[in-house]
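Before anything else, here is the set of structures, which you'll find just below.
Paired with chain B in one complex and with chain C in the other, chain A is shared by the two complexes that follow.
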Partner chain A sequence: MSLWVDKHRPRDLMKLDYHKDQALRLKNLVQQSDFPHLLVYGPSGAGKKTRIMCLLRELYGSGAERLRQETMHFTTPSNKKIEIMTVSSNYHIEVNPTDVGIHDRVVIMDLVKNVAQTHQIDSSGQREFKVVILNEVDDLTKDAQHALRRTMEKYVTTCRLILIANSISRVIPAIRSRCLTIRVPAPTETEIASVLHAVCKKEGLSLPSELAMRIAKCADRNLRRALLMCESCKVQQYPFTPDQKVPEPDWQIYIRDTASLALSEQSPKKLGEVRQKLYELIIHGIPPDIIFAGLLKELVRNCDMAMKCQVANHAAQFEHRMRLGNKPIFHLEAFVAKFMAIYKKFVEESLGDAF
Partner chain B sequence: MQKERKWFKPLFEFNDSSPPKKTKKNNPERKPSTNEKQLKVPIANIPSNINDKNWIKNFDPINVEDLAVHNKKIQEVNEWLKTTCVNSNNDMLFLSGPVGSGKTATIRTIASKYNIKISEWITPLDIEYPSEFGDYEFKESQSKKFLDFIINSANFTSLLDNNSCKLVLVEDFPNAFLRSPSEFIDILQQYKQRAKSPIVFICSDSHTDNKNTAFHLFSPSLKEQFNIHQIMFNSVSVTGLKAALKRAADIISKKYTTTYNVPTVDLIESVVNSSGGDIRSAILNLHFASLKGSVVNLETSIIKEKEVKNKTSRKKNTASNKFMSLGKDQTVSILHGVGRVLNPKEISTPDGRKSLSHAPKDVIEQFLSHPSSFINFLEENYLPHFSCINDVDKAASTLSEGDCMLAEWREKICQEYGLYTAVAGLMIANKSPVSAWNPVRGPKNMRIQYPSLNELPLLEPNYLYKGKVIVTDYLTYTKIIGS
Partner chain C sequence: MQAFLKTGKISSADKPSSSGVKSVKKKPPAPWVEKYRPKTIDDIVDQTEVVQVLRECLAGGDLPHLLFYGPPGTGKTSAILAAARQLFGDITRDRVLELNASDERGIQVIRDKVKSFSQLTVSSTRPDGRPCPPYKLVILDEADSMTTAAQAALRRTMEKETRTTRFCLICNYVSRIIPPITSRCSKFRFKPLARENVIKRLRDVCEAEGVDVGDGEILHEAVDTCEGDLRRALTALQCCQRLIGKITSDGLIEVTGLVPQKLTDEYLGIKNYSELEIFVENFLMEAYSASQLLEQLSATVVNAGHLTNKQKCVISEKVAVCSYRLLDGGAEVMQLTDLGCTIIMANNDP
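Showing the complex of A and B:
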């Protein structure tokens, strides 16, 4: 049994549910004999990967869908052995270079070199190039991004790169200019709702439109999450009722608890407890920027406008520093401490006014 | 071959105090000092009134009471030696401690008290001589030689010795063991089976983990397996140093007044302060500071020392314990450093201004380990010292700034700035410190553990998932759907 997300993933560019105009343009792009490097970006769950897989199918036919997993080994200049998981077909290879942390540069250089140096055996009726898909390009180290720039130019005849990122603000301009950048915006809530309806229809279920809208709202314009939510709703209760509970991701609940802890008391001791919770979140792999956003949203819920502005300002500042720095926990904690100080002052002043 | 051997031999005959038979026993540490002496004597134009070539031996402890080590430690070593040597079993002892804390001296002195013969392993030089035919002769491996040596010297007495107890001392570990600690385990096993005398290992602590023999070779499991008794030495206390130097001063005034000026109390004091608990360096400094010299370059160095002394004594009046030192720079261990930063002490100067007893600049200068590891320690431990959230806010902000600067690894100076920002921020921010005992905790390991695909059977096997996405989207719902 596979998940709905995977089962009902569109396989053809023309069968996509939204951004149809863009899909048509992509199809035209591929039907030309050649295309440039691509940089596909957009928020999580908008359908970047789906579009790329459709594109590959358009390029190479159904052979691009026969995937296999492989673990590749690399040696860093400091003689450290690293291994990385790749998924590939005969025509393309896909990796998450960020899996190896600071050694991502080696992976990018060696991998692209490997792929680029092997020519297609049977070139009749095939494209002359292979495709390398690199995920999370915005999280690459600067070193790796610069290495990427060189490799892109060098091997342009034998391979095409498709880069995937959430935002291009952290991709160096040199790469941005070498690629055709394609933005995949997040689907609107109505689009999500219609996808949910379509999927439920295929599954032979009837979905009340109120529930579909509620799921779409909860999912934060993330189609993947919406489909997962919908499927777990079905597991929890079927037939659907319009007011049934939509399960939230558990880390969101955890962040809310953390925020309420910070609101309950403003003391170094409480901050210590908050820190433990932040540790938990980070170690479990919740991206720190999501923690920042979640915390801010929960913390300012009860604040007046002036304070909201102040807190958001500090959040932005510390989040920026976090991007520059090494240790997310430092900045998360500094933000919570800052919030506690502001909130405490606010509470004391409002108490003073009351008497 | 014959010729080369002869050419090589005289090097080992410097040391007239050890029996010539055991060439391995020669301590190479002493060679430079003898050479140095030979050089120095003609330049200094001092009539050779030092009888022993090894002048540092003049001050070697003779009786157990002369040791500068804490009495408890001496007792501990004493007990162990007494019980094992009397029973003559093959127990193992492991002494660890900072350099110059008197580990070797303690063992030697106590052994001589009980008339125990010490055979020490010195790793031989790996020089290969080609044979007449031009190829290299077969050499046995270092570890094999080591094993032969320790077992032979543990089991067989020399003809020249009276039949006393024996002890094998290993201070100089063959490099082979650093590369493959498993070999060391094998050798210990052999020793346990075949040898009949106790063996003592001595290891100096070092701050860098990867070169720390004590840490590397003597893992807890190894100690348990071979029942190795460990005694940890601390650096020599100020009183211990003073007593030892006083003894040295006595020896000088009795025997060597021609070579040395009799050191004054002030001089001894400054030597103690500059040695940082290292008895060997203290003796060296004393030697240097009190040498009588008629030649120019020696005199200048004495003046230098006087300046040093003046500085130290002046600084002492202002109740600061940072000394310009002749010998060792003062260093601070990581825990000590954390303590200094998180419990800042304020002292008021005579002109009414307040200043910190350990200025942030001094703390970071004396600090040895990597800035980011120090900051991690600070951030893990600073919270319990604060009572007011406003102070925490300031401290946390500076830590965050510090982290930003530390991230810029391309600029060397940024590391220092980052460290300084964080340290100074933490020291100044805390206006109302909590005074309670807070054990120092090590920083948490922040390695992210993404769930493996095996834990999530619902996911497609041949699809590349991103760790982040698995955690934020799939994890919760696959649990619900799978149940």
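Showing the complex of A and C:
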């Protein structure tokens, strides 16, 4: 019994639900003699991984789907032992180098070297290269990215890299120019709705189209989230009704509460309460940049244009500082405090004008 | 020494058709940029002064220390590799040490590897008895990314070993090379390539590859999207050809990761905050790159006719700030919102 997301994941390039032109191009690419390094980028839940797995299947046949998990050990130059989880098949290995923080460079260099030094035993009828999949390339340190470009050139005969990133803004140009970049835009709401219908049909359920549309709207154009929501809807209540409540992620509601708390009263006491809530969010592993974006979206809702600009300006500034520092809470709190100050001043001025 | 040299990219100069590490027996298709790299200095596009000086040097058989600088894709690396090939012929492999930014290049490497390499004396005859220049060549590609300490470690080595070794430094910004180094080298500036020459070269390559480019209109677009960078234009053409099977302007935009001009104009014309929120969300969902948008935006703003000078100033300043924050790792959504607010304010206050 697996989740619908895994159960109904397309396994063949031709069976993908959207971006069909791109799928066709990828298929052509596999048939050509040279396969370049790939850089696949797009927002989460857009289907990057699905496309890559389909591509691997196209390259190596069903053998690429027999996966196993392994833990690999590396030693940094400063003699620190680090270990990292990898998922691999006979033909590829997948790793998330950001798991080891600043030591990602060692992982990349050693891992690619390991893979590249072992040739396929029987290369007849098979590809002569293996594939290394690196996740979250945009979060790699600059050091690791520079190490990548050398490795990419050096081991091009025996291994190809497939890099996955959410955005290429933070990938250095040198890597971008060495890869074939493939953009995977998020599916539109109608595309999500049609996928939901198709999945429900396979499960033997009937899904009202209003509900499908509403789930698609709530899911932020993230197909994975949409499918999970749909499944939890089913657990909540079946048969579906068009006006059924769509469960929203808890943290979104929580961020909204936090924002309304800051709007209700601007005082040091309230700031303390907001701080509690922010801590709560961070403890539960919500990434600080998502908290920031959520807060900004909620806070500016009833401000006038000049104030919105001010708030957005400060949000951008504090968010940037948060990246440079290492304790997100300070910057989140500073932003809320700044917002309170601006808001209070605004309210007082408008009250002053009234009298 | 042999093993050490193998790790460099030297071998690519030897047999430019395959990229060095690839085995010779099975020749996989090489990137066009490597395949069509100029083989002699006379093949180099433009740069007449540099080529002339190099030709004189080659005729005399002596080479000063060189410092090449200029924008990317103008033929700096190609020039020195071609010159090295002409100087050393088939012993290029033993005589040239090429290090670029992806090699380990801290002060330790300069002190150990480069120093020991440059101290070796070489004979003035080849193994088969013909004469050849009695020195070696060290090419330091992308030298502006070397640390100041590493550059400083280089200066004495450069002077002391002039008898046996010539250095060639290649960089984009000459201001990042410390003055003691620049004063020891003869400097050459590589100008941006003239448009017609770039197009001519692109057309030659396309013909050799059997790619249909029609009347050449598409090549003009390729040059536009790549800002005159010959290497980027070639890579884009090859990617486009590989992915789509033919070369189209949409395909070029797709493979170079450019943001369609329509979106840039839309961003610049935003009038209120709710529009901005929707635009930013859609923009990121379509997976375009924010830093690319900023780059194109700054070009658009400067040339925009409908903006007053004051508006241009305000927006350009903010573009600079946001672009810096983005490079530092700031979230795209925040920076785009911030910049968008500035644009709205500027639009409402001409």
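Definition applied: the second predicted complex is superposed on the first by the 348 of 355 C-alpha atoms of A that agree within 3 Å, B and C clash if a C-alpha of one lies under 4 Å from a C-alpha of the other, contacts with A are read in each partner's own complex, and residues count from 1 in each chain.
Definition applied: contacts are C-beta pairs under 8 Å (C-beta built on N, C-alpha and C of every residue); 3 or more make two chains touch, one makes a residue touch a chain.
Note that the coordinates shown come from a computational prediction; the quantities given were computed from them, not determined experimentally.
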item: Clash or fit (per the criteria above) of chain B with chain C on chain A; value: fit
item: Chain B versus chain C as contact partner of A:338, first or second or both or neither; value: first
item: First (chain B), second (chain C), both or neither touched by A:296; value: second
item: Touching partner for A:324 - first (chain B), second (chain C), both, neither; value: both
item: Which of chain B and chain C A:205 touches, first, second, both or neither; value: neither
item: Contacts of A:218 with chain B and chain C, given as first, second, both or neither; value: neither
item: First, second, both or neither for A:149, with chain B first and chain C second; value: second
item: First, second, both or neither for A:315, with chain B first and chain C second; value: second
item: Which of chain B and chain C A:261 touches, first, second, both or neither; value: neither
item: Lowest inter-chain C-alpha distance for chain C and chain B in the superposed arrangement, angstrom; value: 9
item: Footprint overlap on chain A, where chain B in one structure and chain C in the other make contact; value: 324
item: Touching residues on chain B, where the partner in the complex is chain A; value: 372, 376, 379, 383-384, 386-390, 392-393, 395-397, 399-404, 406-407, 444, 446-450, 458-464, 466-478, 480-481, 483
item: Footprint of chain C on chain A - complex, ascending; value: 25, 28-29, 32-34, 36, 41-43, 46, 146-147, 149-150, 153-157, 167-170, 174, 176-177, 180-181, 183-186, 221, 289, 292-293, 296-297, 300, 305-306, 308-309, 312-313, 315-317, 319-320, 323-324
item: Chain A partner contacts - residues on chain C that touch it in the complex; value: 7, 9, 19, 21-23, 28-29, 101-103, 231-232, 235, 239, 242-245, 254-255, 257, 272-273, 277, 284-292, 322, 325-326, 328-335, 337-338, 340-342, 344-345, 348
item: Residues of chain A defined as touching chain B within the complex; value: 1-3, 6, 44-45, 67-69, 85-87, 94-96, 99, 135-136, 222, 224-225, 228-229, 231-232, 235-236, 247-251, 266-269, 271-272, 275, 279, 282-287, 290, 318, 321-322, 324-327, 329-331, 333-334, 337-338, 340-341, 344
